[in-house]
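Read from first to last, the chains carry the letters A, B and C; within each, the first residue is number 1.
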Amino acid sequence: MNSIPFSKNNARIRRNAINGLTGFFTEYETSKAVLIHSVKYAGLLRIIQIIILIYSVAYLLIYQKGYQKQSTAIISSVTLKVKGIGYVRTPENKTIIMDVADYIIPASENNAIFVMTTFIETDQRRSTCAESSQLKQAKCRSNSDCVTELFIADMNGLWTGRCLFTSKPTVIIGAENTTNSRTGLCEYEGWCPPEDDAVSPMFIRGALDFRIFIKNFIEFPVFGVKHKNMVADLKPCVFHPTDDKDCPIFPLDYIVNQAENDSNERDLMLQYGGVIGVKLNWICNLDRNIKMCKPQYSFARLDVPYREKPFSVGFNFRYASTWKHERGQFRTLTKVYGLRFIIATSGKAGKFDFITLSLNIGSLVGIFGLATFVCDIIILNLSKKADMYRMHMIEKIHVRNPYGNQQQASDNSSEQNDEIHSNTNSNIKTELEYGTPGNSIASLEKVVTPRSNSLTISPLS
Amino acid sequence: MNSIPFSKNNARIRRNAINGLTGFFTEYETSKAVLIHSVKYAGLLRIIQIIILIYSVAYLLIYQKGYQKQSTAIISSVTLKVKGIGYVRTPENKTIIMDVADYIIPASENNAIFVMTTFIETDQRRSTCAESSQLKQAKCRSNSDCVTELFIADMNGLWTGRCLFTSKPTVIIGAENTTNSRTGLCEYEGWCPPEDDAVSPMFIRGALDFRIFIKNFIEFPVFGVKHKNMVADLKPCVFHPTDDKDCPIFPLDYIVNQAENDSNERDLMLQYGGVIGVKLNWICNLDRNIKMCKPQYSFARLDVPYREKPFSVGFNFRYASTWKHERGQFRTLTKVYGLRFIIATSGKAGKFDFITLSLNIGSLVGIFGLATFVCDIIILNLSKKADMYRMHMIEKIHVRNPYGNQQQASDNSSEQNDEIHSNTNSNIKTELEYGTPGNSIASLEKVVTPRSNSLTISPLS
Amino acid sequence: MNSIPFSKNNARIRRNAINGLTGFFTEYETSKAVLIHSVKYAGLLRIIQIIILIYSVAYLLIYQKGYQKQSTAIISSVTLKVKGIGYVRTPENKTIIMDVADYIIPASENNAIFVMTTFIETDQRRSTCAESSQLKQAKCRSNSDCVTELFIADMNGLWTGRCLFTSKPTVIIGAENTTNSRTGLCEYEGWCPPEDDAVSPMFIRGALDFRIFIKNFIEFPVFGVKHKNMVADLKPCVFHPTDDKDCPIFPLDYIVNQAENDSNERDLMLQYGGVIGVKLNWICNLDRNIKMCKPQYSFARLDVPYREKPFSVGFNFRYASTWKHERGQFRTLTKVYGLRFIIATSGKAGKFDFITLSLNIGSLVGIFGLATFVCDIIILNLSKKADMYRMHMIEKIHVRNPYGNQQQASDNSSEQNDEIHSNTNSNIKTELEYGTPGNSIASLEKVVTPRSNSLTISPLS
């Protein structure tokens, strides 16, 4: 007769709910604790807990600033200005001054600036002329060598089909094998004359004395904090790694030396170009005054070193000024080599945030609980007195059919005979007999009185 | 007489503190556990715990790399170079070669590059001339139509106030209504002649054979790791999606095909311009060799497709070369259409971090505890034997005034009569009477001996 | 005889392991709870728990979207276009129109655009001429003043060593002290004539009526979501803060007014240049329709206000157009001042993520446990009935050598005599004597029957 009528089930649930609700505010519920006097395991547990506490509080919360919400999102705007005079010594021993408008190409860029250090200038006009002598396919002996439909890479213009010879042909008279033994170059129509890589490039001296003024405006959008790399009342200055670390005006010499140790490589960079990354790293603790937050400047060479002989070396590009005059189109084609500075900004800001702190504390509470869990496993399973501890730390409960036979589950009874000098029973059972008729009998392991207010313990008959 | 003297209170607190401190290291404290033999609920609890364990370890910690600190902060520098020859077939059937210095405008940019594919060139000089015929407000019949103080959008220069007629006027003689029926265009002072949109633009053929070399240098600032998209010993190569995925030299044809499926749209992009986003996505597992980390290239069209007929189509801008000659100012105004490539970098790097691992484990411990919490609620409230379980899992304690009357709180006594075959008492009370005089009497629910070291249980009289 | 043979140890561990494994799935284990009827502490605990619950659920999970994985990583591409006509009134009272190709320098940039508002134009050619009168070191009285090897900052070219006088010298005849009292300027070879800062710059009027069209394409790479700031079917429009907030075409007037309140500063910005940061902030809840996500435009002035008199004011750079003619090199050097707009994008996107939700819930469970922990400390140590509670909430267990003497640890026995009216025993010990020979005696604090199935309590003899 274990069936419970539906109404009685409902009634019981309702009663439990009401009890639960009133009990919610009047009953203080907590876990029952067991205190075992054992210096060995207590010491082990406390040591683990202290280690966790030190790790949590000292390392995680304080050193790693676990109480701060941290963000690496940074918005950055940069303006750059270079000042300085360079000069070029031409093959004719003339000295030509190069000022800012000459060597900064393009005149203005975003987050980058290019300083020309070497260039090859070719004055061209649209007409017809002989191909570049460096183009192998352009060598010809007769016009037929120059007839082509395809586009050849590096061709300077559309080939007209004529083979141009630089000098007059010499005819060998008298011999039957009158061969025209000259080789010429195919003629093309386009920008003439072709660029000549063999021409010695013009080198701008004094480039390392130029100075670059980097103005950086940043914002940490997560915190809504704005800042810039210039102190208030900034005076004209020059950056120095120890004497003036706050000055954002850098000599190119310093930057190139920071980016590249090898002086030979530095010379090659000025000759064939190089790419230098300028990084401004902002580590800001927003719990302090924003004025204490200053960027760390670092310079790194980005292009592949020349000693590794990559197939694409340095940095260069072609740039042309064009104009027209009397139905002719003219341009000055300049192949420029130089130092390209690319500015990048990174940052990390942290500010006290209660949510982050509470979530981290919550996680640390979980780790603390692990310590007890691990020690419990050790004590309950691996220690010598494991069974003893188990007996006291765990109550085993069998809930049986009260009208069933009074079985005594004798777990581990065999164990009882093994160990004489210690309790090895991991289960302790107590059976009580109640003589009062009509009372339900429940085998519980606690001294209990169902339906009576008094404990009646009658001696075993 | 419930007043506790202040000194005694202090003494008690001091004693508790000392006991607490010595006890801290000598007493092992853990929660007392209750083991209920119930395959049903034990199985339920274990299944939930195993599910949580699998989710936590297999999914969260291993698959989602919960042991790694992950960051999406990435610093990127890009240099770009395009190579190739294009040609234009003019209306006069001439073929004009366009080389890199002609079609890359501006010659150098940061994180972007523009390849001109179509252009309208107008040679201008500062003087006076007739307005553009496309400007409706410029149509005039007499000078008075051209007098204006306001600026009209799209006007090419300040109007002089004269109405220019292209041809000589025809006067109709004899009629009284001698109307000048010609319409002319207002004269303006500025760059002359005005740009004529009706002129057929010049189209650069062969643009899709150009190749773009993308060099990308990245850094994950959080981990201080630098990398680039070029393998060591890079040889001249061409990118191929299956054969050569590591080559950073892309044919424009491949890029445009990736960005736009529709061939008609691709043709329109070459004619009226387009914007293509080149994204380099770096997913790097920094616990492995950095060389295994390679970028994923993806190309997406950013401008609105032509079939959607937006009011602002494609991509174009105006660019001028200016020069002066004999007191005249000249310029070649070029309206350029073409493909603008904007390079963007994104990334995510992860590296083993003990703090992240410990915080995640701490959170998972909390979720584990939830499993027990939920099962406890089910067992204590919703199961059939709820009251039975409640009896054993919860000890209810009433602490009363020891000199007060011996009230027996008979909670739930009414419940006792309802259920015959199971214990419905959620409270078990035990009252003991102590005959020994002078002993304080405390109604507790445990067998307890205040002030005596022995348990004296005398049978009820 | 406390030695346990090795085989028996192994057997015990094996037995425990098997029991543990079967018990794992058949025994439901949970913490034993203690319910104390105390409205005061129960109320305190519940209030703390409710506060934590409200904070967790309402604030952390719902308001701060703790169920979402949030990321601030955003990829952004921008194209810009400015339209408008400006005009310059020259000193000769001529009006010169400046169109887009005149005032946007360079013609195309990435994430930035420069609008020229004032300029100083100098037509130069490479030759020799007198230095700038503003260069103090260039003042000379004789050729010897002009001989220098060093480079002087701001020199316009390499000094030839001649001192040029603007007018013919007047010789004072007759006096012995025939001094040449004129001062001239050193001659240099380079771009002539030098730029003259004293020349009044030409101011472009109508710049504030220009309009800038900002097209912004973004992607949240963590979620793979793309978006742009133009609504579908965008029509020609003008941004208005209340009437048309979705239109991405901004009048320069509006932008400058937003960036700078002071009208005097605004005028100075148009005269000497300024840097304005245009920030597009995308806050997107990806659980909703992406169309609901629109950027917030904000404009901020980045350069230092003129009233603070920084040594580097405004924004300017030098830009040159060069050409050659009949063996002469010519250029128009333009020192341009204007408004530099730097576009920056920031964003934060969130999307429901089960992992983030579970980790946060796990942390919150930990915080919940803290509430009980804190209240336990209060109850066990600081309350008046602390000892009473301690007695019931903590079971103290001494596990001793069962063959040892029957010591009664009488902790706190002295305490027993102090307090008459309340139980001050923090330890309750029960000692039972068992008369049955051969039984091991264990002093435990629970009613326990080792090795027997019945509770035999014999009255004390």
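By definition in this document, contacts are C-beta pairs under 8 Å (C-beta built on N, C-alpha and C of every residue); 3 or more make two chains touch, one makes a residue touch a chain.
Bear in mind the structure is a predicted one, so any value in this text is a computation, not a measurement.
Chemist: Looking at which chains touch, is this a line, ring, star, complete or other?
Modeler: complete
Chemist: Which is it for copies chain A and chain B: same residues on both faces, with over half shared, or different residues?
Modeler: Comparing the two copies, chain A and chain B contact each other through largely different residue numbers, since under half are shared.
Chemist: Note the rotational component of the Cα superposition from chain B to chain C, reported as an angle of 0 to 180 degrees in steps of 5.
Modeler: 120
Chemist: Report the inter-chain centroid distance for chain A and chain B in whole angstrom, where each centroid is the mean of the CA atoms.
Modeler: So the centre of chain A lies 15 Å away from the centre of chain B.
Chemist: Enumerate the residues of chain A that touch no fewer than two other chains.
Modeler: Correct list: 27, 29, 31-38, 72-73, 106, 109-111, 321, 323, 325, 360, 362-366, 369, 394-396, 447, 457.
Chemist: Tell me, which parts of chain C touch chain A in their complex?
Modeler: So the residues of chain C touching chain A come out as 1-2, 4, 8, 12-13, 15-16, 19-20, 27, 29, 31-39, 41-43, 45-46, 55, 59-60, 64, 72-73, 105-106, 109-112, 114, 126, 151, 153, 155-158, 188-191, 275, 277, 279, 281, 300, 302-304, 308, 310-312, 315, 317-325, 331, 333, 340, 342, 344-346, 348, 360, 362-367, 369-370, 372-373, 375-376, 379, 393-399, 401-403, 440, 442, 444, 446-451, 453-458.
Chemist: Inside the complex, what are the residues of chain B that reach chain A?
Modeler: 23-38, 71-73, 75-79, 81, 83-85, 87, 95-97, 99-102, 104, 106-111, 123, 206, 209, 213, 215, 217, 219, 221-222, 226, 228, 230, 232, 234-236, 321, 323, 325, 330, 332, 355, 358-366, 369, 381-382, 384-389, 391-392, 394-396, 408, 410, 415-416, 418, 420-423, 425-426, 428-432, 447, 457, 459-460
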